[in-house]
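Shared chain: subunit A. Partners: subunit B in the first complex, subunit C in the second.
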Partner chain A sequence: MGFSVKRRDFLGLIGGGAIGAALSPAPWKSLDDVAIWTQNWSWKPRLPRGPVEVAFTHCGLCPAGCGLKVRSVGGSPVSVHGVPGHPLSAGFVCALGLAGRYLSYHPSRIVEPTVVGTDGQRRGIPFKAAVRQLGKWLDEARSGGGHGSVAILDNRPDRMRSLAYRKWLGALDGVHVKGLREDAPINRLRAMLDGQVPELGLDIARARTVLSFGAPVLEGLGSGEAGSRLRGRSGTEKPYIVQIETRPSRTAHSADLWLRIAPGTETVLALGLANILVSEGLYDKEIIGRTALDLDGPGGYRELVARFSPKQVARITGIDAATIKKVARRFASGPAVVIPGVDPGGGPLSPEAQTAAFSLSLLNGDVGRPGGVVARRVSETIQLPGTAQLANTVELADVPDGSIRLLIADGIAGGCAMPTSLLKRKLNPSEGRVVSLSPFERSAMHEADLVLPSTTPFESIDETGVPIDSPVDSMGLTVPSMRAPDYSVDSLHVLSMVTKSNVPKITELLRSRSDRIHAGGRGSVFDPSKGESAPITEFKTAGHLWRALLDGGLWTDSSATFTCPPFRLMGADAAIRDRLHKVLEQPSTADGWAHELVLMPFGWRDAPGDGPLPPVMAKLFRETRLRLDSRFATICPGTAKDLGFAEGDKASIKTSLGSITVEVVLDPAVANGVVHVAVGPSTGAFGDATREKGDQPLDLPSCKNDDCWRVIPAKMLEVVS
Partner chain B sequence: MTKTTTQKRYGMVIDIDRCDGCGACMVACSLENNVSVVPPEAGLHRGLTWIRVYSITNEKEYPHSDTAYLPVSCQHCGNETPCVGVCPQSAVDVDPKNGIVSQIPERCMGCRYCMVACPYHARYFNWWDPVWPEGTEHLLNPGVTPRMRGVVEKCNFCHGRHHAAQERAASEGRSEIEPNEYQTACAEACPNGAITFGDLADKDSEVAKLAAGPESFQLLKTLGTGPKVYYLTQRSWVRDMAAKTPLPLDGQSND
Partner chain C sequence: MTRRRTTILFFIIGLVVAMLAGWIAVPAALYESIEQPLGFSHVVHTSDDTGMVCDDCHHLTSEGGFAGIPKIAVCEGCHAEAIGTSKDELRLVEEYVKPGREIPWLVYARQPDNAFFPHVRHTRLAKIPCEQCHGDHGKTETLRPLKRNRFTGYSRDIWGHDFSGITTSPPNSMKMSDCVDCHRKRGVRDSCLACHK
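Then we have the complex of A and B:
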């Protein structure tokens, strides 16, 4: 019998083989290998290589100055962790701190000096030409104007660098202007006290009650140590947090009590609380009677608050009278901290609201007692070389309108954005020029006439500042963990080039302060590598202390005692007293209840209100919509329905100054008649710096009267495509 | 030679009442695990977020509204792990020594059956090449390999940290990892202490005690997948919402 292969057999073999092969892993593995091979191109991510190093430093992204442990590979910082036991941050690092090193590579990074030409177009110029231009404008400003025609805007005005600014300005008869900061309202309290008042800190951590007027106390305000106590993580008794806020913020969400106040009625509530303290005698009559200079008499504080009965206050604020009484009694039961918050995008409360809020602290005897408002020891001012006097430091609000001819903006982030109109008001209308030293195109500075690229906090040495809640002075350094790019410049170097004067280098200034601290012999120094502090007397020489600070150490001063001097419960400013008396009579633009719809701009606390977001944060908030940016407006379903809007609709929010287009997002937690829009970097335009500004909502408030733009009368109109 | 041999069951307890939606866990996770920065057009449904914080409300209007934040990552199911059974490539691995459910990107062929099977929407597909903004690649964590386009990825309880802790213990002659030696990035970063990570098999551990407490519950418990991520809340409406099938979460990632 012969063996024959028929056509059918051959086809069967082929078919069977194909089926068998398909059932085996071979083709699938090949397919998989091909798929992987297609990924194997030159652009695939290359991970860092090189020696591993660990160093300690402080975060310079906000004044909290958290201690950081930075792990570097091949000279690149690949991870950041908190430092356990750190006296100020207690191991805490916020999301921004974790990702902040990525900011050095942000697409909105300024990589060359730019100037706005006569044609209105911005163009790049060489560094030396930029310095010459700045020098020319400086000469023009000085010849055309008097005192204060040259100014430096400084978001952290208490650094050694600021001292050098003041010296430089002193020789030019200029002024040193404080930028908007979260601790700015404390100056309002200082102004209510008579005589010489030291630097004050809010002792949040030891307070029994925290009365927060919209302050982001659970979103990173102040030090990490205070945050830890406020969250009940330190093992000590947690302060009771009362959050007074219209917006459903993260702090409002997590507070022990959230008072959902009608927009712009904080002054009324504060005076209503004072009414209960006074009428029920919940204050030390002997001490307050002796130290309060304006409690009694015609037009006095007692007369003022008598008009703010719980019933009346409940009607205006929307908070029921029983709750107001309960909060007042809780407040009076022990040391308390009152914080008139500065919103990163929504700005400060009105001056009268800040005054009314701080009057509660004074009435409760909290100024000068632990758990209230405490004083910091202040080191003697360090003398800088040169004969010029130091220029005065003033708040932006105190700068006369139209007085500045040349404004130089320091590049450090303050964490708060401000309306363009507010800044422009201070400039000379025809000759006012703005020079910005900044690492990024940011906020109100994006319209600067001249921009010089500066370093990011991870690239340069500087001081961290003292957090708002710290009861003691401190000194910590942001030691660079990344190399500064060649195109970036130091502000002091620029100033010395412009005037050809001898402005000290930042390291010399910091070393001077360190040496002075060592000579003072007070306080202790925290060693992050050991997690423990040692008295400063253990540092034999000034050089040892300087070395410890460069290694990420932190000096903290010893605490001071402070007796509250005589004070005025309505402040010393007659205009504010007048506004307090008229708050019930003349609902201003800040009194939102008078309008059908109000726009309340706000900023996210740990995304800088005046800077960009690291790419990872932009990506995550974009993908989750956990934080909506300025492209979105949140509004409650009822108000939206009344206005004819539904989820996802495009709307135009219009005020007297202009309009912005937003997408409507319905949120039942938003109050009736209110629309919230975030101020801050857009998460949706990463890589396109021109679309990233995200501060358009701040083009809408007029800021004519009180430098307050929390509540803006607005209309919401349909966008016709 | 020292071997780490003890049977463990790693898990997590998330206190919803402590979470305020800051997103620090998401940021820390992405930085630790080199989760790539996908382009803006990724939108809500094609992003990469190994742990994703959802915002949920009680559906009442102001002033009676209440919001809760629900961080959801891979639940590391311990019973009939849904993604394991459906994977044709055996690219999903459950470590019998510690219960961690891992994804093996080299084996994954991107069919996304596992994403369909996962009732928690906790798996993510790489729709784009893994790219980072120019210059930032040298800031990546050198201990974790970025995944390629076309594969699925998800939370693995920071596997890189687990390996590092094991290595450290073995090099010091110890057979056990101390509880404080191995923490996930999200638990470490949470400012509110809302996330507790540890060994559920250790009855004395904090995570085991919290998981056994009266306020503890699991997402979609009725499915019987035995998640090793537990949640805590005192709010009944949050529990009710967490029991609904499918989970009423906006922007779910099963695209």
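Then we have the complex of A and C:
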């Protein structure tokens, strides 16, 4: 009998095989394995394997310098915690600090030197060619300009690295320019005092009242320790916080008293408060009469503030007279701290507003008394090799417009964003060039002519700086917790290559300061592994102190006594005095601004917009709106209705310099006639390289002569799709 | 034989062959067998003669992390010089203890990188015995070879030695579904972020 296989038999075999396979786990297991296999391709990043280590360091992402406990696996940090008992941070770490280690892998990280060619296109060049280009521009700048034609922009100008910058610039007749930072207004107060004035700090810890002019005091201003005290979490009595701010910020909502002030009228309110202090005699007449050099006489402070009656101030600022009186009396009842705040995105108050605010501190006798403004001991100057004098350090606002031919920008973040127009004003219109040393494209630096990639704070050693609220000097190091990539360069190394001069290495500079501190024998050193401090005298050699700092220790100086010298309540600058006398001539009144639209840009304390966000935060903010980014504009429902907008509408905000497209968000807490837009985190900060001119909020402000951009006349138009 | 019966025969042949392949051949081919670098007897180390207990080598650190497999320094405490003349003992001393080189043990329970598993919470807080996940490993005379998935690189202990992958109670594998089942039974949070940080 013959046996033949027909098509039907074959189909039966296939069918049986298919059913048999389905009745076995093989296909289902294969699906699972293939899914896993696709997640484990060789080019996918992998977590390191290796020994688990715990080390202590300080965060270098902002000037607060929080203590960090970093847990690493195989040399890469995998988790970050605060350090309980740390003198500056008291265990606090902000969201940016917790996720900051991811910045090293950010997609917008600069991985090679780039230069803008004659065709306007940016292209990569080798490192040596970049240094040659910088050297060529340096020669051109020096030959074409005089003093100050070469400058270094430094957002943390009090570091040892800054000292090396000044030495390098001294030989080139250059100038060291301080970038925007939250402690800048203190210098305004120093300028009001006569004679040699030491570094000053705000003694928030012992203040009875905190009078904040728009400072983000409950959003991370100063040190984490101060934040803990201000929130009443330290076990000590919490100061009474008065927040004077137009925007319904988180600090405004959480403060004991929020004064929603009309935009740009802070000077008027400060002088109004002074009027009550003077008219009701709420100051020490004997001491102030002796030390205030401009209280009485024609054009004096008393005559100035007499014009700012509570009724008049109420009309201009929109704050009722009874509240103004109540605040003034509260302020005078004990030591108080006045903070004329620098908004992380909105910038500083005007010079006259800062002066008027600090005049309250002087009038209240707070300068030199605990709970007010205290002095830090002056550290001895460290001599660097070379015969050149140190270059002068000046505020950016004091740099003459158009004077800089070559600006080298240090890449460290100062916590404040800066408008492009402000930087451009300082550059020579035809020959001004910008060289940026940064790990990322920062806001005002994205148009730099030459960019050299530098390290992130977690990859390089540096100093943390001293927070605004610290009553004493300190030294903490950002000890690297991960290896710097090969393409990154150190700014001092670049400078030494450009001029072929002997610029000290950063470790040598830091060691010099550590040795000097040891020789001084003052203060104490906090050991993060034990959570306790020991007097510096217990460190037998300078090497022991250096080792302790490298292990994440923090040196804090002992406190100093300071007697307030004679002072000028209206400052020493005649121009500011003149502006103070003319404040009432300005048209900014509560009735006036209510019918016009003004743009008030602002920044989040932990995402100011001058740099990228860690991807985890970017994703979180996008999906939750925990931080409204630059794609949103908040406006009150009444103004929105008048302008014809509703929640979720697309709108174009126009100023004299450009326009941005935003989504309208309605918030009844926003004042009439005001639109708030965050300067960051921007789309660029999410790693999107498409940063076009006029498309970022920081491109919109046209800085006035006083370098302020808090209140900008604007229009809001419908977007026609 | 009728045509119909022939077709049924072919169907059954296909069914049986596919099932045999799916249940026996594929598992045998999928996993490669890798020998441990050294022979090791848990029984000898935990016997009354040594007086050692599991926690002497596999302990929790002061921070709550699991120390995992002991470092060579721990072995050196007893094996600075060879104890006995076995081949593995001599290799241990000459190749690892004296040069201070770590033994590249193959880990049966290695979880994927994206899984966060705190031993301290499971053993101290939930009081789950080690054997529930790792099996009765402490009573073995020798170390079995590691069966490694050729596609994924995972140990077979993760999927479980039962190729069907069916979750049992108590579980005989360390799959995500085992974790989720246990969490649900105990009323513990079982969101994605509980384990995938």
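Keep this in mind: the second predicted complex is superposed on the first by the 653 of 721 C-alpha atoms of A that agree within 3 Å, B and C clash if a C-alpha of one lies under 4 Å from a C-alpha of the other, contacts with A are read in each partner's own complex, and residues count from 1 in each chain.
What we mean here is this: contacts are C-beta pairs under 8 Å (C-beta built on N, C-alpha and C of every residue); 3 or more make two chains touch, one makes a residue touch a chain.
Values in this document were obtained by computation on a predicted structure and should not be read as measured data.
A.B. asks: For A:Val34, select first, second, both or neither according to whether it touches subunit B, subunit C, the two together, or no partner.
C.D. replies: second
A.B. asks: Output check: A:Leu47 vs subunit B and subunit C. Expected answer is one of first, second, both, neither. What do you get?
C.D. replies: both
A.B. asks: Which of the two partners, first being subunit B and second being subunit C, lies in contact with A:Gly195: first, second, both, or neither?
C.D. replies: So A:Gly195 meets neither subunit B nor subunit C here.
A.B. asks: A:Ser24 in the overlay: touching subunit B, subunit C, both, or neither? Say first, second, both or neither.
C.D. replies: A:Ser24: touches subunit C, not subunit B.
A.B. asks: With both complexes overlaid on chain A, does A:Arg231 touch subunit B (first), subunit C (second), both or neither?
C.D. replies: A:Arg231: touches subunit B, not subunit C.
A.B. asks: Using the touch definition from the top, say if A:Arg627 reaches subunit B (first), subunit C (second), both or neither.
C.D. replies: Only subunit B is touched by A:Arg627; subunit C is not.
A.B. asks: After superposition on the shared chain, which partner residues are touched by A:Ile14: those of subunit B (first), subunit C (second), both, or neither?
C.D. replies: After superposition on chain A, A:Ile14 lies in contact with subunit C alone.
A.B. asks: Counting residues of subunit A in contact, which comes out ahead: subunit B or subunit C?
C.D. replies: Of subunit B and subunit C, more residues of subunit A lie in contact with B.
A.B. asks: Between subunit B (first) and subunit C (second), which does A:Gly648 come into contact with in this model arrangement: first, second, both, or neither?
C.D. replies: neither
A.B. asks: Once the two structures are fitted together, what part of subunit A is touched by subunit B and by subunit C alike?
C.D. replies: Shared contact residues on subunit A: 28, 32, 36, 46-47.
A.B. asks: Given the complex with subunit B, which residues does subunit A contribute to the contact?
C.D. replies: For this pair, the touching residues of subunit A are 28, 31-32, 35-36, 39, 43-49, 73-74, 76-79, 81, 92-95, 98-99, 101-102, 104-107, 218-220, 224, 227, 231, 233, 248, 250-251, 253-254, 260, 318, 606, 615-617, 619-627, 636-638, 667-672, 684-687.
A.B. asks: Which of the residues in subunit A come into contact with subunit C in the complex?
C.D. replies: 3, 5-6, 8-21, 23-30, 32-34, 36-37, 40, 46-47, 52, 54
A.B. asks: In the complex, go through subunit B and note every residue touching subunit A.
C.D. replies: On the subunit B side, the touching residues are 18, 20-24, 26-28, 30-32, 34-38, 40, 42-44, 47-49, 52-55, 57, 59-63, 65-67, 89, 106-107, 109-110, 129-142, 145-146, 148-150, 188-189, 191-193, 250-251.
A.B. asks: Within the complex, which stretch of subunit C touches subunit A?
C.D. replies: It comes out as residues 3, 6-19, 21-23, 26, 30, 63, 65, 112-113, 149, 151-154, 159, 163-165.
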